[in-house]
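Here the chain labels run A, B and C in written order, and each chain numbers its own residues starting at 1.
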Amino acid sequence: MKFTFIDRRWIFLLILLGVGLPLIIPLGFKLEVSPDAQMVYDVIQSTNENRLVIVSFDYDPASKPELHPMGYAIIKHAIEKKHKVVCTALWPMGSQMADEIFHNLQKEMPELIYGENFINLGYKVGGMVTIQAMGKDMRNVYPKDASGKSIDDYPMLNNMKTIKDFAYVVSLSAGTPGLKDWIMVAKDKYGVSVLGGATAVSTPAFKPYVNDQKQLNGLLGGLKNAAEYEYLVGRKGTATAGMDAQSVAHLLIIAFIVLGNIAFFLNYKKVKE
Amino acid sequence: MNYVLPLIITFLAGLLMLVSEFIPHKPFESLVSELEIWFMIISGFAIVLGQISLLKMNIFKIKYKSEGWKYCIVTLSAFFIMLLVGILWGTESQAGLLGGGERIIQSIGEKPFDYIFKYIYQHLMASMFSLLAFFIASAAYRAFIARTLESALLLVSAIIVMLGNTSVGTSMTSFLPQSLNFLHLPNISKFIMDYPNTAGQRAIIIGAGLGIIGSSLRVILGIERSWIGGKK
Amino acid sequence: MIMWIGEYMKKNVFVLLFIVVLLCFLYAKEEFRVYDLPNDDGTSLQLEWDKSLADVGQIEILKSFDNKYFTLMQIPDNVFQFTDTDSSFSGKTIYYRLDVKNKEGELINFYKASAIPKAQWFNMQKLPLLIVLLILSFAIVYFINSAKRGKDLYIRRINGLDALEEAVGRSTEMGKPVLFVPGIMDLDDMQTIAGLTILGKLAEKTAEYHCRLIVPVSKSMVLSAAKEVVKTAYMQAGYPDEYQDNDIFYLTDDQFGYVAGLDGIIVREKPAANFLLGCFYAESLIVAETGFASGAIQTAGTAEPSQLPFFVASCDYTLIGEELFAASAYLSKDPQQLGSLKGQDFGKLVIILLIIVGVVLEIFGISVLKDFFTF
């Protein structure tokens, strides 16, 4: 039969159409909030006003499609809850990701003011070593913000001494250094709640940390959870738009798998005969 | 080559890191931090070695007109352009040798380094990452064949998890009553991810962890020497 | 008898009253308490206060090293403890004052407490970790010594490693090179070191078969180590002239730049055998699929659970988790290294037993084992 062997280029073409078309013509598939997204939401929702929180941008542009919408929605939620958002980065390009979110979010949230409820402390090399140093003296680790201004000039950071002054840490992580380092140091050593945002492919590796001991207080995994979080904060962002494309792509892959199996069994019957 | 000194350093450093994990008293914790900082400094200097290797290889290919030498020109051009613009005008948060680049910012909107980073590099990275979508489709078509019972189970689980991660899967079983909520595709998908998948991942992590302990002990005790090019 | 007790009580009532008051004093919980934080390096003190104090008004903590107090922190609502971490603590007494103020900022009441920060020589929270580590280490050392004494140790077959020679032979017959990728992490990752140990064995084989070996690396220190490993392997195989320095080169530190470079090498050089052994992340499927499309025989190995499914789907042989670390022992057949593998297996047995015992105890509501390992 003709589909006993499909040239992979046909597969690539169908995937291109399957992912591209829903982005242009949204299909509007229904979204249901999962317990995972709800857990992260509940932690931020239940945190008191005026608490310092860290959002760590531990990814680069390659993982932006999945993690950027999470960062956007989480910071929006935190600002709405009147938390003081302190952005850090363990990856070099993370700082630029934070700046991008700030500039875009400021357009829809005039109450977002740099230095009053949002600050970007920039990238620090060292991974786990940096987080350990944060546990001792954060002002020594970050004497200046990303623009070079002294942190003493920002009243929102007056009460910032160590990582223990923060209500929670959100790590948007694409690899190492990242979420695992925050869990091992911020949570296990200093007892600070850690929330995670990870790409879909690395989410299963972090699932074991969402346990009774609350090594991870919540985990957003992949585009689906990002879209659910956008729904929870009332924002239709790129994750929501991407869910249609992801749904179609998954259906296509399932179709290819079914075709592959049909081809295999037909071939198997032929050989047997 | 004399392996005695590297092995002694390995043993002492390994022992110190191990012991410091359990002793919070000074000076152990600060010693460990120092060693980690030393590693970062050494790897910073080691970057120069890598750049020399890159330049050497590409210049060699251009010089002898080896196959694909024209691509080496592209590599070297990109390397030197980024290096030059970074040194001359700096980045968003740092000035370069020629100052803050105000004139250039007025004409193109940002500094050349940031411009190239945002409009070329970021998109190149995202494009490479997006190849995964195509490759996963071709890998799934080839690999998910129900040849045996185990592969059939794998196939069914994969389909359920994929459907459960989409809005389509949610819609397919949204008609189910509350009493049959456990058959809702996203719930079955979550069950598979939370229990069998997590159990398997934990088993692999435990096995790998034991492997790391065994390997590390062999390296620290000097039994394993091939990583420094030596045989026992 | 009753009269005697009554007389005794009358004489000693004040003594009894004093004892009761003393006991109350000793066991009464103070409203504001400061104590040394255990299991630390002597730079932290834990401050705790009763919830009733927070209900009265705003709380402010002041600190003093001698007699002068300075404001340390304004405490947010619903917070009843605070850890003061100060690297300048040097074993002297630190004094704290907790001020309770009303909404207008007027002082209603204050409480004082003090403590001496002390560094502990052992972190008791890590005792379970130490016990497990000691058991594992003793097991590994025991089996290494058993192997030294000549005991025969059985190791099951690992197909991926058995196919190493076959893959190199295939490459030699086809006149194509062998590609080895040691992952994208640096030399501080054990997977990279495990990959390099296999590279040494592979390099000996390619030297014997006079087959070209290409090793593109992502990190500069891995470049130095890889060059040393391959050079030594070629010398030990007796073919130092076959060593090509230019075939071991640095590409880029960037993850997707590296995989783009690898794909280019696979498409242009068309290696007949690919070895992807080390730490991989998202780029694993891209390089594995490209290798598959080029028709190469592929052996992959990583301890990253998220990348293993991609390797299993695209590669002919996959070393899963600990098999990557066992490769060196498996290929060298060195008794001491095989002994360490046996020790690892013993460690696995201990963990399996702990899991079974722990699950059974939890079913019966006894959480002693779980509590012991929780830190």
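Methods note: a residue touches a chain if its C-beta (ideal position, glycine included) is under 8 Å from a C-beta of that chain, and two chains touch if they have at least 3 such contacts.
What you are looking at is a predicted structure, and each value in this text was computed from that prediction instead of being measured.
Among the other chains, A has the CA centre that is most remote from the centre of chain C.
More C-beta pairs touch across the B-C interface than across any other pair of chains.
Centre-to-centre spacing of chain B and chain C amounts to 17 Å, using the average Cα coordinate of each chain.
Centroid to centroid, with C-alpha atoms defining each point, chain A and chain C lie 23 Å apart.
Looking at chain C, residues 256, 282, 305 sit in touch with two or more other chains. Shared interface positions of chain B, i.e. residues touching 2 or more other chains, are given as 125, 128-129, 136, 138, 140, 142, 201, 205. Shared contact sites, meaning residues of chain A that touch two or more other chains, fall at 8, 60, 62-63, 204-205. Within the complex, the chain B residues that touch chain A are 33, 36-37, 40, 92-93, 117-118, 121-123, 125-126, 128-129, 133-134, 136-138, 140-142, 144-147, 155, 158-159, 162-163, 165-168, 170-171, 174, 186, 190, 193-194, 197-198, 201-202, 205. Considering their complex, residues 8, 48, 50-51, 60, 62-63, 135-137, 159, 161-162, 164, 174-176, 188, 199, 201-202, 204-205, 213 of chain A touch chain C. Those residues of chain A that touch chain B in the complex are listed here as 6, 8, 11-12, 14-16, 19, 29-32, 34-36, 60-65, 93, 95-96, 99, 122, 125-126, 128-129, 132-133, 146-148, 200, 204-205, 207-208, 222, 224, 243-244, 246-247, 249-254, 256-257, 259-261, 264. Within the complex, the chain C residues that touch chain A are 43, 73-74, 76-78, 83, 85, 87, 185, 255-256, 281-282, 293, 304-307, 374-375. The residues of chain C lying in touch with chain B in their complex are 39-42, 119-123, 126, 129-130, 133, 136-137, 140, 144, 186, 188, 190, 193-194, 196-197, 200-201, 219-221, 223-225, 228-229, 231-233, 236, 246, 249-254, 256-257, 259-260, 264, 268, 282-283, 285-286, 288-289, 303, 305, 308, 310, 312-314, 320-326, 328-329, 332, 334, 336-337, 340-341, 343-344, 347-348, 351.
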